[in-house]
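Read from first to last, the chains carry the letters A, B, C and D; within each, the first residue is number 1.
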Amino acid sequence: MTFADILAILPQQLVFGITLGTAYGLIAIGYTMVYGVLFMINFAHGDVFMIGAYVGWALLGMLFASHVVPMHPMIVLPLLLVGAMVMTGAIGLLLERLAYRPLYQRGATRLGPLISAVGASIFLQNAVMLIAGAREKVYMTYSVFPRTWRFAVAGINVSVLVIVIASIALLMMLGLHWLVQRTWLGRSIRAVAEDREMAAVMGIDVWRVVALTFCIGSALGGAAGVLIGFYYTQINFYMGYAAGLKAFTAAVLGGIGNVRGAMLGGLILGIVESLAVTFINPAFKDVIAFVVLILVLMFRPGGILGEALPDWKRV
Amino acid sequence: MPAKWQRFSVPAIVALALAIPAVVPNAYQMGVITRICLYALLALGLNIVVGFAGLLDLGYVAFFGIGSYVYAFLASPHFGLHWPFLLALSASVVTTAIFGVLIGAPTLRLRGDYLAIVTLGFGEITYILLINLDRPINITGGPSGIVSIDPPSFLGITLRDNWQYYYLILALMGAAVALSRRLRDSRIGWAWQAIREDELAAQVMGINTVAAKLQAFAIGASFAGAGGALLASWQRSVFPDNFLFTESVNILAMVILGGVGSIPGVILGAALIVALPEIFRDFALYRLLAFGLLLMILMIFRPEGLLSFKGPPEEADPLEQVTAERQ
Amino acid sequence: MTMSDRPLLEVRGLSKDFGGLHALQGIDIDVHAGEIVGIIGPNGSGKTTFFNVLSGIFPASAGTIRFAEHQNITRLPPHRVTRCGIARTFQNQRLFNQMTVLENVCAGMVSRTRAGLLPIMLALPGARAEKAAAEQRAMELLGVFGTRLVPRRDRRAASLSYANRRRLEIARALATGPRLLLLDEPAAGMNPSETRELMSDIVRIRDRGLTIVLIEHDMHLVKGVCSRVIAFDHGEKLTEGTFGEVRNHPAVIEAYLGHRAAVAA
Amino acid sequence: MRKIAAIAAVLAAAWVLAVPVCAQDTIKIAAGAPLTGPLAKQGQEVANAVKLAVEEWNAKGGVLGKKIAVLEADDQGNPQVGVAAAEKVAADPAVMGSVWGITSVTCIPASEVLDRSNIVLITPGCTNPKVTDRGLKNVDRVCARDDFQAPAGAVWLIQDLKKKKIAVFDDGTTGPRGGADEFEKKAKALGATVLRYVIRAGDKDFRPILGTIPKDADAIYASIWAPDAALIVKQLPDVGLTVPVMGPDGQFEPVDYIQASGGAAEGNYVSFLVPDVKKVPAAQAFAKAFEAKYGPVSSYGPLAYEATNILLTAVQKVGKPDREAIRDAVRATKGYQGALGVSVTFNAKGDVDTQNIYIYQVKGPDFIQVKSLNLGS
């Protein structure tokens, strides 16, 4: 390919990269939220995301079969999102209650919850495989967002679906920001993140806040599952691993514990990947993504936007 | 255990380990036990990095892979080299130790979880390079890996059966146990543990944390290098798929399950992680489900690991007790 | 002043800024060999920051620190400072909690030992002898505190009582083989009898040939052991002299009690 | 802590001493395949086809006067797990042979283990040349090799369809990479231009990669599995490419490829190792029996069934439970007339001499056979 060819496809490639990055960022928000409060890599988060995608798939199939609900995005999307968020929020609560809290209360080191989360991840994957079968599930994306719903801006092909996903991602990010900065719950979350014991002394029910954090983070992961299910059009029970890995990378890249950082990290990761594919070699896109991560961390050890962690966690 | 029995325990364990092939009825179980020893060797190496020095390494499998491929390069028709076993094994060990330093060096400034994601990245990079360095020049053999690797042979004896491999791997695992103990109870081990407990205090106590961390990476990696060479010669073929991220997680689970930093604990962890899926094999579809559940349950009931050591609480004199409470 | 009277520690114009905050400003201090110097001052007056800059944890913003045979140690990283012969304890106890009492002291000995990786892995006689010597010396250092620590050598540091943890921190600092020992509030949290014991311990350590600088709020201890006292306030050195001189210095009274109290006095 | 050690020791002893209970009146056939994990569906079809064949033999009285049992060996598509599974198979004295699919990367190390115990391994779907090229006495293959299948694809695209510039994909795993390499070799020999691309198995958004394909490319050869191929054909319109896509046997999946693509796969080509069972009169009985029990045949079932029958025929011919003799008898199979209407003869390496490749085209919900190629000797 000549350089002129590359330049010709570059804008379109950037759009693909941004879309991919939005997907990573969406999943990363849940990671970063749980991490910011509990200082724990929730390895099962990718699988919670996967379950969100499955719930959305099942609901979509039911809606489609019922022939009652018109397959319009304005109707279908909220239904699917709410369903997936309720389900994954509940799973998040369960995970916190079963795989995190007992360990912490028994005085585990930071590594214990990590392995427990790995166990939960393996369990969830296999549970979904046993319930839904090993086969890939297909999202009927094009019955909700017809293929013709796309437009060209200056030669760049953009579909309505992508706009919808990006807008919802932005809304979720702003909503979370509002929640953390402006509400009673957000203040409690920040207090617990800052100093758990002091928060308890101040009369905050620490475990309730931790549980709610898990619940909200997981529900956001579930919503991401539905949206990305639509975009990917195919889902499987082990998709949480690859997606979770990228999302965690995005969260660290942006500065862990930092919601805007997660979104930014996702975008940068997506763009880096699409540029690597365009300019270098598709085979090495993940190598380049990780090299960028390592370089960023070498020069900015707290990620691009800096970590939003209290001082004691940084030492 | 009464003290007078204590000194018999090591010879007893050694005798038991040596007798296993005579007791175990078939090659399958022998194979599983051999695999336990191989993974114990790997887990002991990771234990140095994670357990002793407290550096959370999620890409440990990279060293396992590099060790395997170095052995495969040097002892297979792939490059037409057929180095003697011990020489090729040593080359694996030395190469991985060098890679340990190379990968460790850029990560020294990073704190716990950042280190985790960066090492994870190195693991992924290694895997992708193993797959894709088959062109333009065929270095790694691509996804098809390298086959027809030479089996180990010394003094004209070529090892073929599982029990022979068992003794070979047991010997190296035994060496790893001895080295781990010596290092732990040495000035280097003191430095590692001090860094794990409190990096700043360790620096102030005069410990060169950079050197100590690099030593931990190098030694931990070299154990994986030995393990990799053993895997390559035992499996007689290596593929990139041997070195997926899940393998790193498995080895980390061994270290944590048994009790971080505890040498017998790490070996027990290896035994559990290798044997449990085999025990559940008869439940076919439910095997991994049960494995995941068991990991969670074990962590809930023994969060410090199965063989973690907790000293008895201080029997403080009453005066001190009062003071402590006043704090 | 002859060459041999040159101070062990010579601090000139030492300043430390955090952003806009002047934590230390133009500190000049000399400490001579064999002294026990006390640093007093209200909370936030820069005492601990001074220790942190001395031990290399924070780089100085300006000024020089010279130590021993007039080496400039101003820009050295912490472990190099320690190797030059300055050891310290921490105000908020930073022991290696999961290591045993003996191992904690041994960890302090790392920089004073030499054995390399290979000799240790091969258990060569040199490495074994060095390790045995290190452990013997560690036991000896635990013995500085009589029977307080010796019988507890194999306990985890985390399981020790408060006072014993303070003692262990001093033993660990001694293990680095310092000529100058910095103690950050060694008596904090001790009851009067433990403090009295600590005072005799400190004097005994000085008598082993060390020089000591300590930060302390317990005036009883400062009065009892310090040959000279330096008062800090707002990151500056207010005054120095004997305990009596410093205690009666109006600026010190003002710093501790506020302006009105000083006028009243 | 001591209690735990004691419990562990007792458990370990119990496990070690638990000698597999083997009733002496059964003969066992191992069915090795990924029964869990991403390839579970195809793997389970292999196991099911083996079970079906065994049930039919048992209905006729078994073999050597004994009932036949199937020992399922789950290799998860992972080499290490495959080795462990093979060791378990080898340790069971009742096992007289194995049918092992479908990933070469597990089949190769598993066959090394089985070789030590002289257990024959017939593979219905491991197409990598190295499976048989290592010269093991116990490995036979009833399907065509990648170095025949992929060139058949090149012949079809370049000679029959006159394509000139072809984008070739693989997913960085053994079988697909090998196939892509063979395709490239043949396509270049036939005078076409080849561009290589690698996707990462597990990724779902291939638009950035597809976007870099030059707009004058006139075909895609996707040496990848069906779900990934379905994603690629669905995402092609997003980058403005309308070219035919061709793939190897892994895409012969009505559900995971045609259905999953939602119509986007229409008109594409797939090469496969099995002729259309509907078109082979001899295969009707099998197809019906399989569908009744396990659902429609969708991949390697017929070949696994064929392999099982070849194996049991060899056992019968040998007349005694002798692994070594059975191994040699399988290799000596000549002119076996199986359920697929093709005669099977193994060459010295263990490959079938008839390297039959069938080209199918996607039409509506089905694959329609459009050509058969025999590139064998």
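In the analysis below, contacts are C-beta pairs under 8 Å (C-beta built on N, C-alpha and C of every residue); 3 or more make two chains touch, one makes a residue touch a chain.
Keep in mind that this is a model prediction, so the values were computed, not measured.
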item	value
Touching both chain A and chain C (chains)	B
More contacts between chains, A-B or A-D	A-B
Nearest-to-centre chain - CA centroid comparison	B
Taking each chain's C-alpha mean as its centre, the one farthest from chain D	C
Centre distance in Å when chain C and chain D are each reduced to the mean of their C-alpha atoms	72
Whole-Å gap separating chain B and chain D, where each centre is the average of the chain's CA atoms	34
Between chain A and chain B, centroid-to-centroid distance (C-alpha), Å	32
Per-residue multi-chain contacts in chain C, two or more chains	none
Multi-chain contact residues (two or more partners), chain B	128, 131-132, 200, 285, 288
Interface hub residues of chain D, defined as touching at least two other chains	36, 172, 198
Contact pairs between chains, per stated definition	A-B, A-D, B-C, B-D
Residues of chain D that touch chain B when the two form their complex	1-2, 4-5, 8, 12, 15-17, 19-20, 35-36, 72, 74, 78-81, 83-85, 87-92, 104-105, 108-109, 112-113, 116-117, 128, 130, 134, 172-174, 176-178, 198
Residues of chain B touching chain A in the complex	50, 56, 106-107, 109-114, 116-118, 120-122, 124-125, 128-129, 131-132, 200, 245, 249, 252-253, 256-257, 260, 285-286, 288-289, 291-296, 299-300, 303-305
Parts of chain A lying in touch with chain D, wherever the complex brings them together	1, 5, 9, 12-13, 16-17, 19-20, 23, 126, 129, 133-136, 138, 140, 142, 147, 157, 159, 228, 231-236, 238-239, 241-242, 273-274, 277-278, 281-283, 285-286
Complex contacts: residues of chain B adjacent to chain C	179, 182-183, 185-188, 190-191, 193-194, 196-198, 200-209, 215, 219, 261, 310-314, 316-317, 319-324, 326-327
Residues on chain A engaged by chain B in the complex (per definition of touch)	35, 39, 41, 98-99, 102-103, 106-116, 118-127, 130, 241, 245, 248-249, 252, 256, 283-284, 286-287, 290-291, 293-294, 297-298, 301, 314-315
